[in-house]
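Every chain is named by a letter (A, B, C and D) in the order it is written, and numbering of its residues begins at 1.
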């Protein structure tokens, strides 16, 4: 790692790959995007050209082997995952592989076994919901034990619409797979049985597509999980998760932070202080300042804003003291000479 | 800028300074923390030692002058701001100055005028609410014109409690100052008059402290703004802002994203798709992967999680096809040899 | 009172009078509507004809004097109130007088003094918000003392639009008057000072109408109350009230029951049991059954619904026992012979 | 029906019977409670004595046959329903029978067939949820067709705790039976299949009680319904119902009125006007006035309240005109001579 930054290469420049490239180049601390690769070499070249110091590499396996690549993001189509992750394992390079790990259980198991022969884990799979602040808070709540044992989970997963070529299996493999992962993670248990049912389909779905679907999981410990997946609602993207435990229940995905029901009250949390409430605002403020400063600009509140605030607050203190309204008088606003 | 990163020095290592140091060192892209300075030299030394490659500099003005510092964050107490920002202007270095810009209007105006003599703006003042996603969305909504002209704003600003030594003026100067800034920003107008009233104080406040306070702003264009500031509620940190326009009103700070009232409905927005809903989760996922990889670890979902998901989804597709529950059979889980 | 029912006469058959007539005739227990009166005698006749056993009386004072009228509802225009209430006091008849009591303070005071000369109170004024379940719950909460002393109240009162002929004063006299009453009631104190301000009016209001308005009340005990009244929002009818006390705050009118903020949580109450949650449903059920039975009909769930529920539940118990889905088999549905 | 009121007799003076007695005697319009009957004759006597003009009758069948009883409420234990409803049918008397209609399908079917031999329907079964304003609004919304065909319903039914003697079957027969009825009613279809599953029970339930339970209904038209019933949550009474249709979904039981999700927005309705918002307040106001008047009292806002409002509003109009705060001066408050 030259200059201490992790040098990252990305395989696949489709929607997810391009997203991750932009993320690493502009928002992530401690990493540097150095290379991208895709069989669509032209698109890879265009994406590389968007960022300073990023190369396009024609052959994905070459990117993995490159000495200047410390770690790899696999965002290629699922069928390419097995070969690419395997190459990363052989090169002993850490890899973040978008879901699914591979297209079938046998190949996934081969990767598990291959990785286990190495000195340490190298692969992270892209189930990003575990990093969502709401899911993470729900996990902490359940693990804290304050609600007792988790008995049931109810998941809702709805998309506005689907792309052409959508088929029934994709509801299980591409959508429900997220509920599979978060459920295993929340319970800390494997799923022992699955039952997928299809109500009479919506007339909005393509002919022959079984949409919506309802899936029931029975957990190894006896918990039961209901899942609704409905991918042609026309409404928007709704992802909710309600965990029902022995002494309370909590729902996330309402757009309001976790809603906890306990003791005759349905409550959401009020932040403790300004750092709690405005943590993201501070991050965005400093990132905006760094970005603007590197461009030679100022984008946020100016000295004039600081001055005007001082005048108003001075008037405010006078008003508080006298009990009367106070007019606010500002000096003429200077303009930059240039 | 060696290696293309903005080299940042921080003046002041109190709560805000330490926060900003941690932020720049671990979450901000494109910057490198290189130096901190504080009259409390021991504390500055301890903070510097927390991060690799960060020096503690005894004299703040020396930090500003340092050739290896490209830009400065001023997080020192308010009385030090004028001298430090002035030094930044003289050194032509970009500076982010925590609010207040200075302690009184005259000195703030001096900084405005000094900056205006330069070639370009150099100062950003730390009114971070403008970067809060909810305030930013409210600003966009009002600026879009879809609700017509803004008529009134109602601000609520409540803290759980105060530190020892708190006096009445601080409600205006340290708390209400945020409402002063966001109101000027939302209206795009100056405040023409301010009236601050004090109800009979809460018995929870220290003797002699006028808490809560109600402030009325009259905007230059005739709009009226009500503000409640109450800093000893014992509840938590509540910051809400309701903007009332000619054809609708919108409230932020409810913990639910902006609540828009229009056409006989009070509504919150449903995200368009997964990138919209899980943008932060993706950022946190990649940041966690980068951080863990630099430490030589894996912290997220593993190949085993990828494998288990594949097995469950395969069983799910079988269940969808047959209409029957399907048991999930996993291989024994391999363990790392080491 | 023949047959034990209170015999009620109504003065005024405009919107409120007609509403009250329908209410007493069809939903109120223990009363019987016997007479209505209005200078618009034709309309009074039509309204009387809607209900069995109700007479139209041409002269309002005659209705008050009628031996078959035990009590009077005054729903006539405000200018008629003084004479009519006075007549009720002279006849010693209980009267519910719609707000305002009279059009000016002097005449209202005359009624206060006249009533006080009698043996017992006879007049109730139609400030109906005190009977709204949410306002009543807020009053109980504040009176319980659990939140400490009430410091501030923030009222919001918005109408969708206004009728032709609307003038600025009506915002104070017809709309704000409700906030005047609930504020006095919630604090249990008189209002010591009022300040009404007008922001630049909305362009939606008629030329010359000062809409919206902001009123500040100072209570006798030092509390401060902010009120927004805005009668041309185009949105709907929004009435909210936030009471801020020393150890918590509570808001009503959100459409969700009182929202209580205390101890880092914003919470709404979960009902204790089914009688709590479905009390209104039971009242409506029995009222619907009584009404239908008097008409010789049945309108609710039938024996068939009772039978179908029995069959499904029997199948459900079998399923619970066997662990398998159970088909539901219903007998052919009989039809009435007639 | 002497005096035009429906004369009602009640069988059973347990919790529901006593509730209904109080309801009919004090809140329902157009009916008169005349008799109650229970094998626990002492308790029946006590209940009868609570209300004027109500007799206790020892034999329930005698009450049904009584010429002075026009209609009957059956609130006795389930095992007594068949005989009592049958007696009502034979006497051609309208009857409201609390759920369940009878304890098993065969006896329920006998009542269906017996009733069908009569001239007109006589029986209403006590599924009161159909009369709940929220359920009724959901039914209207689905029937309006604006959301397209209903595809799925998700019901949640949770109780705080259970009485001693509770057994697993009661979750199906006493709790889930409500979901059975509302589901049939909302879809306008019969249930074709039921599958009841039991997760590992909560440790809070009595030994051997399968609590919670999850039931899946398949509707005759192919819709699927998930139901959670959990009767020992320790939280309170939660009843929610989410209907998912082709072009939107709606949830009731959130404590906020129906939440409709459509077009990227989750919205609740804002009332049109004051009669819409305060309809219940007006009913309660008039009922309170009637009740107090019959007792010779006044309980609501007084002439003093009307006078004080007039003084404050006059001062408010002066303030609006002058732009200045105006003090409120009240006359001394008269006291009743007596």
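By definition in this document, a residue touches a chain if its C-beta (ideal position, glycine included) is under 8 Å from a C-beta of that chain, and two chains touch if they have at least 3 such contacts.
These numbers come from a predicted model, not from an experiment.
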**Q.** Centroid-based (C-alpha) most distant chain relative to subunit C
**A.** A
Q) Taking contacts as defined above, which has more of them, A-D or C-D? A) C-D
Q. How big is the gap, in whole Å, between where the Cα atoms of subunit B centre and where those of subunit D centre?
A. 48
Q.
Taking the mean of the C-alpha atoms as each chain's centre, how many Å separate subunit A from subunit D?
A. 44
**Q.** Whole-Å gap between the CA centroids of subunit C and subunit D
**A.** 20
Q. Among the residues of subunit A, which are close enough to touch at least two other chains?
A. 160, 197, 216, 235-236, 238, 255, 261, 264-266, 268-272
**Q.** Residues on subunit A engaged by subunit D in the complex (per definition of touch)
**A.** 148-149, 151-152, 154, 160, 197, 199-200, 202-204, 212, 214, 216, 221-224, 226, 228, 230, 233-236, 238, 244, 246-249, 255, 261-266
Q. In the complex formed with subunit A, which residues of subunit C make contact?
A. 261, 264-272
